[in-house]
Every structure is written in structure tokens, then in C-alpha cells.
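Please find one structure pasted underneath; my questions will follow.
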């Protein structure tokens, strides 16, 4: 009997092969399994044969939208600054997308980082991905050498270790509170659309912190980030972070110190989160990439909650809905910066 | 001795070199007599200029070791440190860390050779040091030919000295600008073109070339045409550097550190390396 | 031989003289270098702590110079060496791979006064590996699970406690200060021999990699076709470089705050595009593939050409924590096949 993920893998390989064979796309972005259990490798297939390496499982956590702008650019004919744009249609890229990644692609299209007509999107409705760190936590951070997946369980093995884990106990935090598992734009679907999930406690993690005193909140924040090594894996795993020069790297002016002074680390995380306000889809790529287990996603989740409450929108749900913080309406309320609830809190 | 600790120095004089004001030559004097006396460098070496609070920047030493008592640095205003330096005045404190790198082999391989110096733009600085050194030790070298060009007459460095050199009969000097300019009676044309016209003989000769990568690229074919080989051509590379000691890792080109093994390499050496400069 | 209680007493004794550090789990279960409190022993679970030991020799950041940043004062903006000294440090639970990284880093840092001062100031007590992890490959890089390079003392974990093997003179005098301890029993000596003989077999088969890679043509390796696909997956973060014990690149920067200034050096990564960006805007390694290639070529080709050994100790941190599973062991195999 095959698992749902194995069936998806089979269909994905077929679709990708077809796209490359027919010349519809020049490259296909998916995942392949590498040397480590529970860490999938984002992978660019450029020939039909390479599509046999594509794989789909519960550890596909790095957002593939992240790779699109550079990959699309690399497929364009080379030109110097000032040269006219090339004539005729440019090569396309095929890519897998679940709900959140497809929404990031919408944001990228809205922000002119990619062009819809150059993407062939294979949609998959997400069942939620597994958090490797939660699995490692459950097995006492032991040396895990293999993980076999079933539809609802994981069999984790290592030297002196064999443990079955309920998949739903180790789902990523962002997946556990996701209400949009379906891709919002796609060219082909693998499997069916599942529809919106009904969820009572979508912002539970954020609300817990909102309910803390100011002092306790600050303590939570500083202790959450105190192990940060400033490797920028969170930033680089994020499809929203495409600035040619990030504010942390800028030297004229220099906005923030570059070592691991607590104040510098705090500024990095705060500004990074704010830069994602109204754009973040809570894909969890940042948190999955972090080697230190920092839950920086809670910061962006808070901003997602605020934007939803203030403007009634969520990033990337449709190409026709402008990003709330890069547009305006004449009837925007005057006090939209300081809402009644925030005013109340200030007292 | 701590190689990260700069020698304290003071700005002794500032000359604005170019019409756009972006290039200035700073004359620096080391504060301590013993450090002043023991300072010794080879033309082609560089030093880190240090402005506490702003940082450090590697700059080629524009003075010859034969010009004693002070050091000259011609600095292009580009980044944080050079911008701060351009705002400084005579008398202000500064730090100097060096000399660093290898320099041109003026006392070994180049001795007894006919010398051809080819420079473009503000890359002329360490070649000025080399030329002054060779003129001070004139008997050690054969014919000396200089081809130097800038975009406009106003962008030429060391204008007074250029005039003096042109008047010397033991020196063959060709100064050029990219385009015709009012009042300019000298050569017009890009450095590679002029070098092609000068056609220096490769016989018992060495060429020292400094300039933008594109200039070096186009200067090579006319030289090769008259028989120059890669081991006769010396280049000075300019990678980003931080420590100047071959440790921090910024300036590597393959296994080579530009700051420690260079900045001077023969073209034959460079050809064996990845194109990461 | 010291039993656990004896070892604890010994550390308690040494705490007067040293700040004591060792691998310790945080509240997320992540084992990293932390100060050990009285009575705490190093975490002994197999494998290396999250961060590398370079933090003790190449701290993030290191103050190179200090200066007054009050304009008008006589010594304003004239830098001098920092005056602060800190208490000598004793690091316990150091795996042989980590200790060996200090010896390798000492090669490029030969003339670096800060690195040497830290070496004088830090005593390393090793912990022999009973068994390698799935990400370990010290045996490919010239190391061993019971290696002593870079250590002052190597401790073999036996059932009752530790058998201590002094490596340096400094280590020997510290072992002496522990008092007579217990004599190792025959069974314990057998345990020790077993670690020595069996630990290496739990690791990949020993390879003399450095000479084989030194022999290969520099540009042949540089131009090998696999770099592009490797870099396709890379997100160009600094996780590998920052966790790596033998990545030692740094940047230097000046900071001023309330009249005080300092020049610091802090970890930098050749993965970052700004690493090589020239003030003119020209970037010799502007493309991702060049940066990915540089990191591996530096460890596996450039460093061996300059100094002999690989700039890698096979600790496996980069393998374990790369968010996209780029595996240096596969890169090594690709290079060997080139």
C-alpha cells in the first residue's frame, strides 16, 4: 500500500517530466532527499531524467518561492545594463506550491519579482509539514539515522533508538494553525483542493504573549533570540527578503551592529519582522531554517494578526487584493495607525 | 608587536589632485621618531589607513622609500573611511598600519631591466612610488618608458611631476587623455591604443601595469603582438581587504591572498588562478 | 583515574583558578557551550555541541583596540590595545575534532596576538568519543575519535568516571593537582583499550584525503561541473560557516558609544555577497555559485595547498544543520572523482 506522499511523489515526477520533455519549462523546482533524514534539499531539475530524483514528504519545509526570482533571471539571455529587454517569451520554470508558497508567489508577482506567465505551478493541498526539531526533542536529540513515514506516523530510528511518533504531535507550529492549505494560484493540481480549515485558535501562540505584561513580553523576546548567531538563515530562507543589500549589511548608513550584542540582535529580528508585515504568509521557512531553534515566526504571526484585524486582509490570497502596507484608500480611517484597542493599552 | 595596532600619525599636507575633487594626496608623518626612522617599504606595497571610529582602508603607498620623513597616499573618495578622510584637515591624527604586501621586485627581478610603466586613472599611485625610486637609483635600470592616461587633463595625478618627467632626457614619457579637451596639446587616446603605438620592446624588459581591469585586458594584445610574455608583465590586484595580514579571508583569489602574497603578481601567476579579482 | 565524584571535586577545586565551561543543554534541549556551575558535569551525549569551540579562541566579537571617542581630549581617537584581562578558562568535554580545529586555525593565525593570548588563557580537557555519530567523519580529515592534538588532557569516559591522559605539561600539572585519585582497575583499563580500538571503527574508513586533493589540478577542481547544481540548493546563509570550527574569516569594524570607542573583529562568512564587494561596486564573487565553491575549495584545496592538512575536522556540524542538506562529504566525493 502506498502512502499519500508516495502517490504525490509519483504524480509530481510525471508532471515535471512532461513539462521538461515538452519544453514548456526550462527547469523544475522541487525537493530531493539528501544525506540527512528529515532535511529535504530544494532541487532544480533541468532534464527530464533528473525529475526521477524529485520527492515529496512531510519534511518539505524550505519555501520554494525563495528560489524563483534568481532562477528566472538566470534563464534569461545575458544582457548589460541599458540593453533592451529580450524579445519574445522568456523561459519558464515549473514549481511545486502548497497554500502558503503559492501565496508567496502571489506576493512576488505583486511586487514585480516574478511574472505569472513564466511560472507553471503544480499545486498540492498541504497536510502540514513535520517539525524536525520537535521530532529531535521527542527522542532526546539522539542521532537519528532514518525516518520512515506513514500517513499518520513516523518511525524514527538511530543507534539504540526505534520510536514511533504520531505525525500530528510533531507538526510545525505554523502548519498547526494554518487555515489556507490550498494553493491560491496553480496550473495543475495534484490531488483535490481541501477547502479552508476551520480553526478556533489560529493566533493562540500570539495571544499567549499578548496577554503577558510588558516586562514579561520583553523577557520572552530577549530570551527567545539570545542564542541567535546572526547567520541569517531565517532571512535567506524567506521569499520576502530579496533586497539587494539588506539593512543589516548596509554600511552607509550603518543601521545595526554586526556582532551578537543583544541590542543588535534584537534590532535585526524586530526590523526583519516588520519588513514582512502584510506580506508574510506564515510559511515557517525562517523557523525551519534556524539552526538554533529560535521561534522568530511568532513575531511575523503577530504582525499577520494585526494586519488582519486592521485591514481585514491576508497576504497573497488573491492577485487582485493589493498588499495593505503598500497601498492606500481615500477612506482609510485617520486613526489607522493607533487603533482603539492599542490606545486602550497605552493607558 | 601587535600587527593590528596602527602607528600614530598626523596629516602634514593635503593636495587636491583632480578637477572633480575626488582624489586627494595626503602627506602623513608618523608621530614617533623611532617609528619614523625604522619605517621602510618597497614601492608597490600598501598600508592600512586607520581613522578610529570609522575604520580602516588599504591604500597603496604613493611615496618612494627614498622620500624620507613622510608618506604619501593618494585616496579616491568612495566608501565610509575614504569619505571621512577627505573631510579631515592638516594636523589631525590618523593611524597607519604597514607596510603590507610584497611590492614590485625593484631590487631583484627588475634590476638591470628596461622598464615600461603603464597606468590608467588613479591606479598610478604605487607606480609613482616605483618611478621615483627608479629615478633615484637611475643607474640600476635600463630605458624607462611611461604611458599614463586619464579621462581628462584635469583627472591626471601629480601634474607638476608629470611635467618635470617629460622634460628629462633619461625618461620616455607618454601622457594621454581619453578625448580632445580645450587647452590640451598632448596625446589623445585610450592607454591601450597609446601603448600599442609606443610598441615597447620586450627585450630584457619588464612591464608594470596598473589600471582598471578593462584597461589591462585591452593593453595585453598590443604587447603580445610585439613579443611580450606573461612572466614579464607585473600587475597589482585590488581585492577587498580587511586585515592585510592574510588571515581574515576577504581577499583570496584561489589559494592566494592578495594582501599578503600580493598585491603584485606577474600575469603568468594570475593566469593560473580563478578569475576572482 | 577519577570517579565522577572525584572529577566533580577536582572541577570544584579548579573553579578558584578558572572559569569552567562545557557542553550543556539549554531549555530547548540544544547542547551548547555554557558556563558549568558547581557540581555540573559536561553533557556526554555522543557528538559535538551545536556551536564550535572557536568561540573561546576567536570570540564573537573580539575587541582589537580601544580608544576615547571624546573630541577635544588629548588621547581622542588614538587607539590602544584593550586593557581588560579575563580569568583563565577551562573547557571540559571537548571532542578531539574540536580540539584539533584549534591547531589548524593556529596556522593562518600564526602571527595573531589575540588568538595566541586566548590559547594561553584556555585549557582544554578532551572527552574521547566512544562512538561516532552518523554525521561524523574525522577519520577522513586526519583526526581520530581519541585524538589528542590541541588538548591539554584527554579524558576517557569509563563506567565509574574518567581515565585522564595528560597531553601537555600544563595538562600534566593539572592532573597532578587532582591528587592520587583511584587506580584504574583492570576492567577499566580494558574499557579504555576498547574505546581506543573500537571507536574508530564506528566512523567512516580512514582516508588520506589531504594529499589526494593536493595532487589534483586547482583549476580542474574549480571548473568541475557539479558546483552549479550544488549551489542551486544553497540559500547562502552563514549557518555552515558560523557553526564550523575551522571557518575563521572575520570582518573588522569600529563602534563608538557614549565617548568610548572600540575596534572589533566579528565573524564573517564567504557565503555573504558583501564579503568580496569592492568599494567600486565590482564583486569578484558576485554569483552564488562562486561563493559556494569558494567555501569548499578553501577547506579542501586552497588551505591544504598552503598549510598541508584540510581546513576541516569532520565534526559534521555543517551537515547536521544546513537547512538545505548540503553535505561536505558528497562534495569531497565529487572532488575525488574529478
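Order of writing sets the chain letters: A, B and C. Residues in each chain are counted from 1.
By our rule, contacts are C-beta pairs under 8 Å (C-beta built on N, C-alpha and C of every residue); 3 or more make two chains touch, one makes a residue touch a chain.
Remember, it's a predicted structure, so these values are computed and weren't measured experimentally.
Put simply, the chain nearest the middle, going by average C-alpha positions, is C.
When chain centres are defined as mean Cα coordinates, A lies farthest from chain B. Look at where the CA atoms of chain A average out and do the same for chain B: the two points lie 50 Å apart.
Chain B and chain C have Cα centroids separated by 39 Å. Chain centres here are Cα means. That of chain A falls 32 Å from that of chain C.
Of all residues in chain C, those touching 2 or more other chains are 251, 253, listed in ascending order.
Contacts with at least two other chains are made by residues 79 of chain B. Taken together, the chain B residues at the contact with chain A in this complex read 79-80. Residues 251-252, 254 of chain A are the ones touching chain B in the complex.
Those residues of chain A that touch chain C in the shared complex are 34-36, 39-44, 62, 66-67, 70-71, 133, 136-137, 140-145, 158-159, 227, 229-233, 235-237, 245, 249, 257-260, 288-289, 291-293. For chain C in complex with chain A, the residues that touch the partner chain are 25-26, 28-32, 45-47, 50-51, 60-61, 131, 133-135, 229, 232-233, 235-239, 241-243, 251, 253, 255, 264, 266-267, 269, 272, 274, 288, 319-327, 329-330. On the chain B side of its complex with chain C, the touching residues are 2-6, 8, 50-56, 78-79, 82, 93, 95, 213, 238-240, 242-243, 245-250, 252-255, 272, 274-277.
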